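First subunit A sits with subunit B, and in the next complex the same chain sits with subunit C.
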Partner chain A sequence: MAASAPARVRPRMLSGTLGLVAKIALLAIVDALAVFAILLLAGQGSWIVVAVVALVTVVVNVVYLLPGRFLPAKYLTPGLVLLGVFQVFVVLFSCYIAFTNYGFGHNSSKDDAISQLVEQNTSRVEDSPAYRVTVVEGAGGLGLLATSPDGDVSVGGPEQPLQELDEGQYDDEGGVAVAADGWTTLTTNEIVQRQSEIADLQVPFSDDLDEGFLVTADARNGYVFVSNLSYDEEADTLTNTDTGVVYVDGGDGAFVSPDGEELRPGWQVVVGLENFAYPFTSQSFGEALLSVTLWTFAFAALSVGLSFVLGLALAVTLNDPRLRGRNVYRVLAILPYAFPSFLSALVWLGLLNTEFGFVNQVLLGGASVPWLSDPIIAKISVLVVNVWLGFPYMFLVCTGALQSIPEEVTEAATVDGARGWAIFRLIKLPLLLVSIAPLLISSFAFNFNNFNIIYMLTRGGPRMGGVEQNVGHTDLLITLVYKVAFGGEGADYGLASALAIIIFVIVAVISAISFRQTRALEDLN
Partner chain B sequence: MSTTPPIPVGATAQPPAAPSDAERIARLRQPRMRPGRWIAEIGWRHVVGLAVVVFATFPLIYVLSASLNPGGTLTGSNALFREISIANYVDLLSDPRRPYARWFLNTMVVGVVTSVGTVFLGALAAYAFSRMRFTGRRIGLLSLLLVQMFPQLLAVVAIYLLMQGVGEVFPLLGLDSLAGLILVYLGGALGVNTYLMYGFFNTVPASIDEAAKIDGAGHARIFFTIILRLVAPILAVIGLLSFVGTTSEFVISSALLTSPENLTLAIGLFRYVSEETSTNYPVFAAGAVLAAIPVVALFLYLQRYIVAGLTAGSVK
Partner chain C sequence: MRPITSGSRRLLQLAAIGATGMMLVACSGGGGGDDDAGASGGEGGGTITVWMDQNRADALADVIAAFEEESGTTVEVVIKEFGDIAGDFVTQAPSGEGPDVVLAPHDALGNLVSNGVVSPIELGDAAGDFQEIAIEAMSYEGSVYGVPVSIENLALVRNTALAPEAPATWDDLVSTGQAAVASGAAQYPLLVGLDPNNADPYHLYPLQASFGGPLFALNEDGTYDGSDLQIGNEGNLEFASALQEWGTSGVLNLSISQDIAKEQFAAGASPYTITGPWSLEQFDEAGIEYAVDPIPSAGSLPATPLVGVQGFMLSSYSENSIVATQFITDYIASEDAQTAIYEAGDRAPALTAAFEAMPADSPTTAFGEIGSDAVPMPNVPEMAAIWDQWGATEAQIIGGQGDPTQLWTDMSTAIQSTIDGS
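Moving on, here comes the complex of A and B:
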């Protein structure tokens, strides 16, 4: 490297300019995205989000553009913004969801629910005139270009009511409009491909949904459909025009008839402590939740305990310099730790298969032990697999800890008359635990939420009988949260978030204990 | 976010060292033992070692054998290494309904981008905490310690709903998008790694920065050209652990990703094998072996450093 003075200065100038250009370019991209998002969000009327996005954008610009000030912030801002959104905000958001009935059938606003209800309950008006229609596509999706029996032409989509077109705005073919400005007419081929989409298309006649919809079944003839539910804005009620039943807002995010029948979908409302009270109001769910909680603790404690005992025993066994080939043992024993953990559970899934698995067929000579489908045996199986996954880690850290205990300690104990087992139990083990205890606690916290192993092996099953929700005998709290939210049987985000908050509290207690243990607080200055 | 055990803070253990010269000499000087004594003192250790090795490696041998067995079902896989063919591997890569290569690529993209981003964001923050004094520093560090205790996966419901909302504004970052998933993972970056890195940054003497400052280097120059290079080995280890954690992550990615060509290996292989375990197992085994070989090789190659990284969380 030539180190002459001019050569040293020039690259620095260059990198300074380059850095500035890169900074401005990045900021410009961020600002452009932010402005775009703000415009869109303002269009949706989400003013709180607009305010937050605008504030964050201003802060980011100030931090990076004001020279010399906010130096630490320059380094912290990128991470903090992401942390704020995807870790802090989502936790607070979970807390909010836990107090709502958000979930399947309750996932939008009241206005959306009303228009969905009206649209879902339409039927053809008998003897209504047939319109000739052409299926067209516009910016907002599919729409209908309709020629009324009187020859009037109008066009519209599900979100934009039919609008009459003047002559010249459409092409006419034998008295039927076949193309309109701003819309593309679908070819026969496209019509065949998107048949079901077309059949679901309902184009309202006007903003007042009570006036009915134009619906087509064959993409050629359209008929007038009206909903048998009519919304009365002043009374805030939905009336079924066929039966005369009046549905009123029951306060729980749904319209209810006098005899208690609920209309689906409903909308999202704050329900207070209902989700937290649910385990107490539904006794079967409460009992299931209690047993899941106990099993979660047992699973985490036994996993850590058994892996630690096995790992420590192996570490002690192999920690003898006279033992030949101990490096070979060591490398082979930590293989389960090196193997990607998401695959391990699936590997065991095959080994433990009841009918064809290796354990039953070969090791047990054709037995059919229900390794993963019997409540008790499944618990043992997931523990064995988790110990298989966890003991190499314990082996590694115990070996390290054992080797860091000075040899003099053992010698001194021998001089004092202690023998093998006593030296280990009274001297080495306490010394070892000092350094391993924090690891045991964090390992416990990890296994407390060890979703992968449970979900991949048993999906929490076998299912408990007598409980409405899909709760299984090997479910941990975290797999239960996932199943209640995404399990496919009536997703209930509110209840799932309430369960997640229970885990938050438990994790917080564990953390408090581990804080005291590690005394990490004292190291901070 | 991470699905490997959290990196412990506060351990003081050392990585296992190779036998020192003194130990070797002691071993050579030892007189030959009588067989009875050998069994009592050394022999049983071999027995225990062998038993553990069988327990540890057996499932891995089984999956390797199953991947090479052309039997086509789980039953066939029970005959270890009776026949060897690459039929399952060919099958694995040729079915378009199960785009394994695409899953592999997705996993690599998500893993690499996330771990590089995680290390970079964490290093930026650790540099600020380690080298600068500002109001809110102590509170900031404490909050990070606290945040680190709450894994992101607990808020999976809120994350799902948030991404649904984001998708309405930026469809490229919403549900079923790898970019959105990476963004979510990066949100967990500071919480998981900053405190650990902070410890390592503190081991670099501040006098080095001061010398550079006197020579006219700015803060960015010191960070990128001096500090980052000095802590590079540990950044590599943290990056690797973050990579392993990200590629194994299941909860958030399976909530966010839906379409077959966007899946990662963990979700894709899980859905494939759990839908029909006995018939799909051999092909899954082939996929598992292909996915595991690079990770295991890298792990064994870097074993010593990883163990040091695992156990040396609070080395000052």
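Moving on, here comes the complex of A and C:
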């Protein structure tokens, strides 16, 4: 690609030889990387990704080599490519996951699940001897040369059951047969090269396949195993050879027995709207989700509202020219904003400890208020801490906005006979809101997903009773999603993605409505 | 200047595109990343990737060097937080880009096996070389998954200045503790690290076991019968009432977190704490004199702690399973490796030869011996949910929020439905 492309370039479009050389060199590097990537991907059989990489590479070459027509694209392409990779792909992938059962026990393909089930249900034949083995190769492929603890030597391959050898037919070294007539012994290097093949090698112990297979896991020791789960490819069923129970593909990404027993691991399948319907099918989870949603709204709205009121009040007060030492107060007011919020949250966690916390011990003289473990008090606590963290920001933006309102407006109002409160309410606040309202909306969206503060302070606790999932009274939707996806071992990525989509829809709708409202404010102006 | 400026902008753009291309390669996953096995190294060649924590990686440096030397295989050690390994492994293994070998706690086994990411390992006669409890812990549904390296469990750590004699009974412990508080020598009768919302079922378990026995009924071979939940039995209801008493009398205190418990004990503020070998370093640094004793029974049964075992496991997605198995069964199972890990981590080794070689008077040995008579932590995958419900209920009982019998019975029913539901 890179070699033929430069011929088509018309140099007159470039601002100098240096630019041309640089462009060709860089395009060559990109193309080389792309070719490398395509070869690698083709080797892995990821054809869709190969197609995407090839397409992007062609587009990039066309855009940068064809003169004139694609000038705007020259500036947009890199951004679009990054947007595609980091935003569009991620969002689409999350949406896809929301429609699958990806999660605990369903984390791979059906083929993987079948081979793992068979492997897990393979057990060593009781009281069978431990063999020392040598990996050999014969006409029919790989085989095992086995020395029993009694010194008997036998050899066999996948198609030929173990056959005892007479002395003289093999060489031994320290009591272990290392070579046999008609078979070539594999070198260490060959063993390493053909590991998967050796690990899959099963040599029948005798003509009767029920007696098991000799298998080696380390190319040195062999044991006789029987599998009590066998896969029938045509019927697509697994049969337990001990009990005779037949497990069929139940359609939900797992093999199930007639009486409903599911085999684990299962595999990933598309389950349609099941994840979205789960809050309605599981009543306890649905109720918990509803209460978490309401609390999330309350938390976000109250956090923004309270910190805005507090920040604005401070800004107005500290904006008064009659106040002396304003800068000192301003610096003090901004301080909470200057600490990393993680640190502040941890400090608050210590302050609010029931027994040892500063608040109970010193401020309340040894009271034992359960700041973070009572459902209602915990909600108040996280709100207070969040307002403490959030008001300096509001203070900053309000101060800025207040200072940008010209003094003349106030003077004109005073001349018209307005007093302080009326000036603030009727003139300054509307003017302020024009510039602050979008920030309030984004602040709402931020607090709606304010994972840090909740996770650092309470981890969502105290826990709600009667719900199977770990849902707490201070959980926000986002911490709930985190717990569903990563909390403990019952990870359920499908449900978590579905919840994440719901969050996205809520935030998007609220933002859209609010921005429309803001436009009305601007019209006032 | 202009050509250079536009050139350098383009450089940035193109670099970004290049990075994108690489990313697509990285995202694609698919087949194994070890196609070039054999290209490097000496006699054998190939590479195996092992996930473990820093502590173990340092301890095993010599053993790994010996393995590389003898097998010609390169070992790529990826250092991870111990607590993250099992979870990350479950998500990464199916991509084919995961490790060949991981170090994980045995109680993650249920999760790992149910997700099909680990392969059983046949230890043969070598299984007999390990402490019995270590092999029990590493077993799941009849197969052994991996080679155990360390055993850890709780015990009673006693400040010998405040309590010169090991308590013979639980009442003895409480009265000694309370006497120390009354005399002003100590501030707390006993320190157990708890969480205000989730208590700590693991740290409270020895006391629970002394009333109600193991969580599940035991099979003949010492493994759990996951279908026979015992948490709601009569003995455990007595335990629930006792919990509330202890909460009221201040023997247990929900405001004492793990960190506070360690700190206060190291500061000599209590004669007793229930903790594991991981706290010893802090106690040594603080310079207090302590002894490790079995936890006295508060009920009629022995107060056995839950034993945690950590072991190296083989990925079922490994394309280097032969070499990886050799590494686990021949090198990790060696006395050198087990002793090195023991010396670096203050936890009793799983290999009996290394276990018996521990100095008789060391606290780690005392921990190890207390653990030998105990039961492993259950490793069924439902444990995650059980811990949550269990802990929240214990916190409510200790905090005096309701009738202990009622709370405990509700919890038992909820846990039973969690088990039935999955």
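Just so we're on the same page, the second predicted complex is superposed on the first by the 350 of 525 C-alpha atoms of A that agree within 3 Å, B and C clash if a C-alpha of one lies under 4 Å from a C-alpha of the other, contacts with A are read in each partner's own complex, and residues count from 1 in each chain.
Please note the rule applied: a contact is a pair of C-beta atoms (placed from the backbone, for glycine too) under 8 Å apart; a residue touches a chain by one contact, two chains touch by 3 or more.
Just so it is clear, the model here is predicted, and its values are computed rather than measured.
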| item | value |
| --- | --- |
| Touched partner set for A:L65, first subunit B, second subunit C, both or neither | neither |
| Touched partner set for A:M456, first subunit B, second subunit C, both or neither | first |
| Touched partner set for A:S443, first subunit B, second subunit C, both or neither | first |
| Subunit B versus subunit C as contact partner of A:F486, first or second or both or neither | both |
| First (subunit B), second (subunit C), both or neither touched by A:L40 | both |
| Winner by number of subunit A residues touched, once subunit B and subunit C are compared | B |
| Contacts of A:A412 with subunit B and subunit C, given as first, second, both or neither | neither |
| Partner chain(s) touched by A:L429 [first = subunit B, second = subunit C, both, neither] | neither |
| Touching partner for A:V509 - first (subunit B), second (subunit C), both, neither | neither |
| Touching partner for A:I198 - first (subunit B), second (subunit C), both, neither | second |
| Common interface positions of subunit A, toward subunit B and toward subunit C | 15, 19, 33, 37, 40-41, 44, 78, 82, 85, 353, 355-356, 459, 486 |
| Interfacial residue positions of subunit B with respect to subunit A in the complex | 3-6, 8-19, 23, 26-27, 30, 41-42, 44-46, 48-50, 52-53, 55-57, 59-60, 62-63, 66, 73-75, 77-78, 121-122, 124-125, 127-128, 132, 134, 137-138, 140-142, 145-147, 149-162, 168-170, 183-184, 186-191, 194, 219-221, 223, 244, 247-248, 250-251, 254-255, 265-266, 269-270, 273-274, 277-278, 281, 284-285, 288, 291-292, 295-296, 299-300, 303, 307, 310-311, 314, 316 |
| Contact set on subunit A toward subunit B in their complex | 12, 15, 19, 33, 37, 40-41, 44, 71-72, 75-76, 78-80, 82-83, 85-91, 93-94, 97, 102, 310, 313-314, 317-318, 320-323, 326-327, 329-344, 346-351, 353, 355-358, 361-362, 388, 390, 392-393, 396-397, 399-401, 403-404, 435-436, 438-439, 442-443, 445-446, 449, 451-452, 455-456, 459, 478, 481-482, 485-486, 493, 496-497, 500, 503-504, 507-508, 510-511, 514-515, 517-521, 523-525 |
| Contacting residues of subunit A [partner subunit C, same complex] | 14-16, 18-19, 22-23, 26-27, 29-30, 33-34, 37, 40-41, 43-46, 49, 52-53, 56-57, 60, 64, 77-78, 81-82, 85, 104-105, 107-109, 112-113, 115-117, 119-120, 122-124, 130, 188-189, 191-193, 195-196, 198-199, 216-221, 223, 225, 264-265, 353-356, 368, 370, 372-373, 458-459, 461-463, 465-466, 468, 470, 472, 486-491 |
| Residue ranges of subunit C in contact with subunit A within the complex | 2-4, 6-7, 10-11, 13-18, 20-25, 27-31, 35, 37-38, 43-46, 71-73, 87, 90-91, 93-94, 108, 110-111, 113-117, 119-122, 124-125, 141-143, 196-198, 253-257, 260, 316-317, 319-323, 325-326, 329-330, 381, 383-385, 387-388, 392, 395, 399, 410, 414, 417-418, 421-422 |
